[in-house]
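Each of the next two complexes has chain A plus one other chain: chain B in the first, chain C in the second.
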Partner chain A sequence: MSQTAQIRQAARELLQGKAVECVIGYERGTDGVNARPFFAYEAAEADRLIFDQTCTHDLAKYLLNRKGKSTAIVVKPCDSRAINLLLNESQIQRDKLHIIGVVCPGVVERRWGTPGAKQLNACQVCQQHTPVVYDTLVGQPVSEPAVADPYPDVAGMEAKPADERRTFWEEQFSRCLRCYACRQACPGCYCPECFAERLDPLWVGIRIAPGENEVWNTMRAFHLAGRCIGCYQCEQVCPVNIRLSLLNRKLEKDVLGMFHFQAGMDAESPPPFSTYQKDEKLGIGE
Partner chain B sequence: MRQFISKQNLISWLRQQMEARQLVAPTQVDDLILFRRIDRVDDVILQFQNTATSPKEWLFPKTETLFHVERKDGKAELIPAEIDGETVIFGLRPCDARGITMLDLPYLADPADTLYRQHRQKTVLVGLSCLTACPECFCESMGSGPEDTAALDIMFTEVRDGYLVQAITEKGRSLMPQALLSPAETVKPPAPETAPVPSEGITAKMRQAFDGPYWGRVADRCIHCNVCAYVCPTCYCFDVRDYTNKGSVERVRSWESCQSPGFTKIAGGHDPRANKGARMRQRFSHKLLYFPEQFGPLHCVGCGRCVRACPVNIDIREIMQDVQRMGAPK
Partner chain C sequence: MARIGVFICHCGTNIAGTVDIGRVVEAAGQMPMVVHAADNKYNCSEPGQALIRDAIAEHRLSRVVIAACSPRMHENTFRKTVAAAGLNPYLLEMANLREHCSWVHSDGKEAATTKAIELIRMAVSKVARHEKLFPKQVSLTKRALVIGGGISGIQAALDIANSGYKVVLVEREPTIGGRMAQLDKTFPTLDCSSCILTPKMVDVAQHANITLLTSAEVKEVKGFVGNFEVSIVQKARKVDHAKCTGCGICWQKCPEKAPSEFDMGLGKRSAIYIPFPQAVPPKPVIDTANCRYHKHLRFVEEKREGKPPPQCRVCEKLCPVGAIDWEQKDEVLTEKFGAIIVATGYKAFEPAVYAELGYGKHPDVITGLEMERMMSASGPAGGDVTRPSNGEHPRDVVFLTCIGSRDEQRGRTYCSKVCCMYIAKHAIILKEHYPDVQCYVFYMDVRAVSKDYEEFYKRAQESGAIYIRGKVSGIRQEDGRLVVRGEDTLLGEMVEIPADMVVLAVGMEHSPGSAELAQALKVSYDINELFIEAHPKLRPVETMSDGVFVAGACVGPRDIPESVASGSAAAAKVAALFSQEFLTTDPMVASVDQMKCGGCLLCTKVCPFKAIDTQVLRDGRTVAVVNESLCKGCGLCVATCRFGAANLRGFTQQQLLAEVTSLWQ
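Take a look at the complex of A and B:
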């Protein structure tokens, strides 16, 4: 049975048996090519669900809109890490959730109207093809490939001289529209009032201009240190193609190096920035 | 009468414009095509579908200072911002130029927005008609079309070895030296067709759909970013903030959108449009109901940018179809 058929069957049973009120998954979008998020509330709607290589969205973010309501959700392995992140940070309740985990061969870059030909950067270095948490598994678990360097693009950036990096980011941020699509798509960004919209006192100016854009993007990146799961949603949704994953995954890489921690691998390990150990030095004052 | 300009002469004309005033045109920025200020004529792109963001930012900038207040001899003096210099925007697609007529309606209505009026007076709009249509284009259903000349001063249409030239306004004619032109011998190529969208009668249907559960369902998948509003050639909302520095004050406005969570928050913290469905309904009601009721035309030109750019495929064409299909409320 195809993954789509298995997801439909699971969704139908969950809705029919009233185990959940809603199943969040994917359906075909209006370009006839790409998938889009879909919320099924009736068993009859289960047949609209699909799964294929265009299912790029991380649906876990939507769980924050359904706090306290019983929900089933279709997750890829990377999205399952987002669920662990949200569980770990006490944002969602496990007992209200039914996780339909999908064994994922990787998804493609979303290109409007044409089937994406290129596998998403994240998938090219993926080491997690089976979800880390699930109730129903769709597909057969596969043995994980050994990826020598999961951050080749970040390492390439690190190797460049500082002034070159500066010029690169200045140009990238100068395009930013501050539409906040990166934040809105990010499973780690859920503050009820974002610092960028805090008006009294004003934390970041409202100007859509290089200085403010730089503050916005770098502060958001720091807020995700040790929390970014490397899902690339930020980069996928950016309307002006800013290479946000390079910035956010740089911090992911640093946290992995310093604390041997990867966000979302389980729901229990305390995140490095919520813990303190007396012997932590991090080279400060040495 | 239509005239012809060779490609070489068009490039010299662009160079003249660039030297005389600020030239803004489509150019390649990484893998995007964007309207940018041009410093080298070679950077102008002549063949493209459309730019990733609309050209509205050259008339309604993303961020703009409205005025300064300075303290002088114990008194406060208000210094309004002025727009210096002229701009030529080259390469506007007809839908985007039609979008400028939409910005005109609220911003030039009495009392006019002084900065917008200055931008408008000091900008020459030069169009490039469309020879192909994207699948997501629906300009013809929204009162525009691939050869629409609304708001344009000059329109170019690509033909073999050059362009047909149509100087539409006095401003356009004064900028187009006859020496660069010759009588047109080529016939105008046929305009492409765009896929129809049911826009007829949509305003009345939107009124009927106001209270339905539909908006909540669509809003389920909306992530409430501002992409649709910021790529849109007609959205015109902004936020205002004062910046103070040692006794001087600068008042700044920046783009803002009805989809952002705090947009309608009022003093005391109440938000009358707090839920997702209400915000979603606001976007489409403004475009298809309130704006036409207030100003006449539908507030969409069918450029298709929001359709392409929306991260979760909220598609205004589909919304119009759905609303048209809805029955009268019980």
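Take a look at the complex of A and C:
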């Protein structure tokens, strides 16, 4: 049975049995090629659900709009980490949730009207093809081969001299339109009032200017330090293609090295910045 | 618009010697919103404060910047000053021109002056955004907990009880009395330790305001000054003290003997025992590790092979009042207190790490505390000092000082303070009891700093004790005697002294479990697990945790007079606290803006004071709420809060950002 058929069956059963009010998944978009989020409320709607390599969205973000309501959700492995993150941060309740985890070989970049060919940057370096948390698993779990350097992209950036890095990021941030699409797509961005829109204190000016853009992008990255679950939604939705994932993955690599912590691998581990262990390597005085 | 006054202090020449005050006053006067800038020789002096009060009235100042010393020094002083002039005391900011500027930049007047101006600019920007803050009042429980029943805890408990307040004294051991009860005589007066201690122990037992809990330990501490909630474990004694009359039949007839902890293992006690005859309460406990009946029970319970040891239960058969209670279990009592005094004392340093001294190997090498028990008339030998190896009186006795003290490698870095004096005491008493004894003392320095101590040390020398300056490199056994080899650094040569006995003047160490207790009480402790005072000079019995006080040797090595004095001092602090009807809480605490709180509740996890609760709002959102009585204003929640919802009053994000941005505006 294909993954799509398995998802449809699971969704139908859940909705028929009134185990959940809503199943969040993917359906085919209007261009007939790409996928888009779909909210199934009736068992009859279950047959609209699909899963293939065009299902790029991290649907976990939508759970923030369904707090306290029983929901089933289709998640890829990276999205499943987002669910753990939200559980850890008391944003959603596990007992209201049915997780349909999909074993994922990777998804492709979106191109309007034509099937994408290039795998997402995220999928090229992915180390997790089986969801870390699920109630129903769609597909066979796969074992992950050990990789010498899981962060080749970050290593490439780290190897560059400081001046070159500076030039690179200045150019990247100079393109920023301050549309905040990255924030809207990110499952970890849910502040009731974003610092970018706060007037008192005014942490960052609203004007589109190099300094302000830099503050916005780096501050958002720091808010995700130890929290980014690597879904690459930010980079994917960025209309001017800023390499945001590089920033996030650098922080992920550092947090892993210093605190042996990866966000979203489980729902219980305390965030690294809220604890202190004696073997933490902070690179200070060592 | 704020009307800000800036008052720049010379602090004598402390600030004025390095900072060009004239330029600073001129620059401050031109800063935005500053309507008055003045300098003063000493802002903190009464005339200085009067000038500030007058200026507030004359220039209708609404906010004040004091550019002087550290706020830790005088912020409270100046809060009172501005309050006396009718301003809210929190509309004040201090710029630290002394510790942060003049003292550290004494080599560059120009740079120091520039920095002083910038510090004032920051303070002006911040104070403009200050808000009026108002302390709150909370009620308090006028009942004190004293942890530790040594001389310091006894003194503290008695003083509080005599002030008319209720006290609970908790002691881990079966009796109060602590280390002092083990001592023979006390320096420098040589009065008998137990003769002066036991009346106080009896006072404790008989005082209507004191509840004594022995064989009990503090497990958990919740709450805050005025309203602590403490869980105390009353360990099972297997004897119902409500019934027991302390007649003594049980411990006289108990057939099982074990080494006496009180006698440092030199004597024996029974398995049901009181540690020493004057113990308070004078009622026994059963040591279940050694009790024959408990050995029997364990044998059966663990289903061991073979024939179980016989059940003894002699105490139960002989007890005339039926006080033996085999079913007794550990009990947890939860009680409310308004203040806590920690007086957990010390334990003697374990000298086994000094392998070359052969403690534990040569029976005639003993510690100072063992010597005390030997010398004590109520000790296991009735005061007769004999060699443990053969029971003969020693002729040559060598004392080694600083065992475990002043030693960065194997011991503690600090001086244990009492060792020099108790060695002198031992030498004097030995000479008195046994005129043919020759005492030798190897010392690093003799420290005899309190009243009559130097004279006491002289007396030891005059009694014939030979003081040799130097350290001992080893002790060996030869012909049934010991040979102590060491260096006489004054003569610059190695010396060897044959000895019948060697006494190691072991120092003081933290009592076991100090770190755990400090953590439960949220009191800081140092690398040696000694409690840290709020200020070593000016607040020696307070801690950084309000309502928790420290007394005696748990803070550092102390002799009896100092322990008693600190016990009384802590009691005075408690009495002063309890004389208030309400407690006012510091308003500089955290707050959470519920509109901005995203409910991740990380703040509740990082808060060291458990001061953050959660609340479900009517719209279904769960948000964090600060309990202002518990909050100490540490700011961890503010640093943790990604939403920017947590803020610290008096250090709000707006105020801090204003301070920082003023530097480049």
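By our rule, the second predicted complex is superposed on the first by the 276 of 286 C-alpha atoms of A that agree within 3 Å, B and C clash if a C-alpha of one lies under 4 Å from a C-alpha of the other, contacts with A are read in each partner's own complex, and residues count from 1 in each chain.
Quick note on the criterion: contacts are C-beta pairs under 8 Å (C-beta built on N, C-alpha and C of every residue); 3 or more make two chains touch, one makes a residue touch a chain.
These numbers were taken from a predicted model, which means no experiment stands behind them.
With both complexes brought onto chain A, simultaneous placement of chain B and chain C is permitted, the two fitting side by side without a clash.
When both complexes are overlaid on chain A, the residue A:G211 reaches neither chain B nor chain C. Of the two partner chains placed by superposition, only chain C is touched by A:F273; chain B is not.
Touch counts on chain A: comparing chain C and chain B, the chain ahead is B.
After overlaying the two complexes on the shared chain, residue contacts for A:C191 are found with chain C alone; chain B is out of touch. After overlaying the two complexes on the shared chain, residue contacts for A:H223 are found with chain C alone; chain B is out of touch. When the two structures are aligned on the shared chain, A:N241 is found in touch with chain B, with no touch to chain C. Closest C-alpha contact of chain B with chain C, superposed model: 7 Å.
Touched by chain B in one complex and by chain C in the other are residues 193, 202 of chain A.
On the chain A side of its complex with chain C, the touching residues are 67-68, 89-91, 190-193, 195, 198, 200-203, 223, 270-271, 273-274.
The residues of chain C lying in touch with chain A in their complex are 595-602, 605-606, 620, 622, 640, 642-645, 653-654, 657-658.
Residues of chain A touching chain B in their complex: 29-31, 34, 36-39, 57, 61-62, 65, 112-113, 175, 177-181, 183-185, 193, 197, 199, 202, 205-209, 236-237, 239-241. Every residue of chain B that touches chain A in the complex is listed here, in rising order: 29-32, 34, 52-53, 62-63, 134-136, 217, 220-221, 223-227, 229-231, 239, 241, 243, 252, 254-255, 257, 260-262, 276, 307-309, 311-313, 315, 317-318.
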